[in-house]
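Should a chain be cited, it is by its letter among A, B and C, assigned in written order, with residues numbered from 1 in that chain.
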Amino acid sequence: MAREARAALSPLRMPLTGVQALPLAPRHGVMLAVFLAISAGVAQAQAAPAAPSIILTMLKWTPLLAQGFALNIAMSFLAMAIGTVFGFALGLGQISLLAPLRAGARLITQFFRNSPWLVLLFYCMLLLPFEVRIGNSIVALPGWAKATFGLALPVMANVAELVRGAVQSIPSGQWEAAESLAFTRLATLRMIILPQCIKRMTPPWMNLYAILTVATPLTSIVGVSEAMTLTGDILSSEGRTELLVPMYLYLLMLFFVYCYPIARATAALERRFAVR
Amino acid sequence: MTWTPDQPLIRMRDVHKSFGAVPVLNGISLEVMKGEVICIIGPSGAGKSTLIRCINALVPIDSGSILVEGRELHDPRLDKLALRRKVGMVFQQYNLFPHRTALDNIMMAPIHVLRRDRASVETQARALLRKVGLEGKEKFYPGELSGGQQQRVAIARSLAMQPDVMLFDEVTAALDPETVKEVLATIRALARDGMTCVIVTHEMGFAREVADRIYFTDRGVIVEHGPPAQFFAHCRDPRTRQFLSQIL
Amino acid sequence: MDAVWEWFRVLHATTGIKLTIFYDAFDRARFFNGFLTSLRLMALCLLCSVIIGVIGAWLQGARSRLVRATTQAYIQFVRNTPPLVQLYFFYFALGAYLRHTNAAGLEVPIVTNFVWAVICLSLYAGAFNVEIFRAGIEAVPRETLEAAEALGYSRLKAYLHVVLPLALRISLPALNNNLVNLVKTTTIAYAIAVPEMLYVANQIWSDELNVAEMMNVLLVVYVSLVGILVYAMGRWERSMRIPGYTPT
């Protein structure tokens, strides 16, 4: 327990959560399911006898909801990929030997780390063009693409911090040994420093992905038609107040079921790497 | 100026180095001939680690001159990589690469820096492991080896570059007394084989046995130096005497 | 002061950059109120989430397994579900039931959207704080507590005077990160029409059609606010630092 506690406070921990997901037991999922069933039951009791049952209604809308959720997942994958690639470059820029590059990278990182995710989303949605001219053709930029880019920006900044922290946590002796073996700086980074960093960066990186996933509903505010928007649409089309609690709990459950295995895996990985 | 073996392999003249406002090296001068083994002793904080790190340009000097095989180190155009192919270094904290096996650690630099072919490097690496007494430990990771074993792998790793001179920075200071012996035996064998060695150490017995000359530093200057027999028995400077009386 | 506003009017006349929040009194008041609402929201959430964190950390050390399990369930639920959905759940789903008819015969919500935002965001950040505080308390070695008790401190006094101050300093970096994130997350209150900065800015750009200018202003203001908080937290961290202390 003490080791997990220490892991929770280590400076390399993903700053966003700062804490370790303690291992979830399936009982938490069971408890949520029980709560869901009870609330559905209560709602059912309140509903008019002739109205179709809550459970059936929820099941009816499940395919649509799943489609919307798929968009959430797709956006999270894409934003994570883009953010990681650029974040890596930015992170390496922060440890560059060229002072202007270092300062510039640091500035960009701090700027995007200090911006609220929703404001960045708005910025991208409203100020990025809705179509882009590439060569001779005009490519339309759909809303979800701009939103994904907007989500990739804070991910990029956080990955940059992760990379910088990981590289700086490698003991200086490794750099000295590589230098005295006549490795160039680039070769040292490539063969000695970065391979050691990847392991330490993986749990916080997975944590960042979980945070990104639960941030994707923000895109509903800027008009992307994902699970959150669809839930709202479903509720307004059904027009029954007793459906509100079960439907939102259903949506919460959907995210929980996706994120819980990730949290579990992250915790297991963290324990394994801490032992070494 | 081409270097020939009758000239000193390493020649330091009046080397000064300060870290910020703190002077660490205050005019160091010494010479090492090819095949010589010299030991540097002295109290902590005397600048021994800094001194040895200047020889392979890990630490740049403020003023003075260091010639290694005729090439001046105090020169902005110095080819550091070429220098470090000739000068090998072993550290107190071993600094093995933890994510690679012992054999990989030894093979990495010759393959990627010297660009030699893998097969010949592997043969040499296995031979080196045998030489330091670690045959059978090729596939072990540093984390699975004891301190003494790791240090011997570190020595083998530096030897793989086939340097002309080896620097040892208090390589037994972080080891248990039992494992100290194995590492010292390895260094002794190296010295006997004719490798030029500059050894910073606290092990007086070892220094007395293996060194051709002993240098005593204190507060950034070489106080006294000489062959071990003369040094230990008839040291002249009171500082030397005080240091030796404290540790012997 | 008016000269400053005039400068912005001139700016609009010459370059077309429309910053009505400076030269138009109505917009200026609107935006300023939005700014104050944001500040109020941030301050309240910071305070409440820390309180929740303290209470939760205390509950997590409780003897009863049920209490511990419930606290754990709360934490895991909040961490693995979207905060925006939690907010909608509170405001729309629960809020639908918390209505009463006022004097005019209208159905009005008992809890305003601002209060819901504070509740939801505090519970969200509070869950993280619970883990942070608990980790901090557990990072204090058991021996420290034993030493305090051996000196005659009662359990409660030992916690108050010895363990908690140390735990606070240990958990400070993680806590500061979490609080900074909380301040950034308060913008989601926009979704339930809390008139904070983002919401008000939206209203302004819908009226004045100066989206780009308002977005840039928003970015600058938020980044500065968060920057100030980060700076202040950093100062606090440094002032609380224990010289020479390295957590084991």
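Here is the rule we go by: contacts are C-beta pairs under 8 Å (C-beta built on N, C-alpha and C of every residue); 3 or more make two chains touch, one makes a residue touch a chain.
Remember, predicted model here, so these are calculated numbers, not experimental data.
Ranking all chains by how far their C-alpha centres lie from the centre of chain B, first place goes to C.
Taking the mean of each chain's C-alpha atoms as its centre, the chain lying closest to the overall protein C-alpha centroid is A.
Rounded to whole angstrom, the centroid-to-centroid distance between chain A and chain C, based on C-alpha atoms, equals 20 Å. Centre-to-centre spacing of chain B and chain C amounts to 56 Å, using the average Cα coordinate of each chain. Remark: chain A and chain B have CA centroids separated by 49 Å (rounded to whole angstrom). For chain A in complex with chain C, the residues that touch the partner chain are 1-2, 4-6, 8-9, 11, 13, 15-22, 24, 27-28, 31-32, 110-111, 114-120, 122-123, 126-127, 210, 214-218, 220-221, 228, 232, 241, 244-245, 247-249, 251-252, 255-256, 259-260, 263.
The touching residues of chain A, counted against chain B in their complex, run 171, 173-174, 176-184, 187, 191-192, 195-196, 199, 276. Against chain A, in their complex, chain C makes its touches with residues 69, 72-73, 75-77, 79-86, 88-89, 92-94, 96, 128, 131-132, 134-136, 138-139, 170-171, 173-175, 177-178, 180-181, 184-188, 190-191, 198, 211-212, 215, 218-219, 222-223, 226-227, 230, 247-248.
Listing the residues of chain B that touch chain A in their complex gives 56, 58, 80-82, 84-85, 87-89, 91, 93, 95-99, 108-109, 112-113, 143, 154, 157-158, 161.
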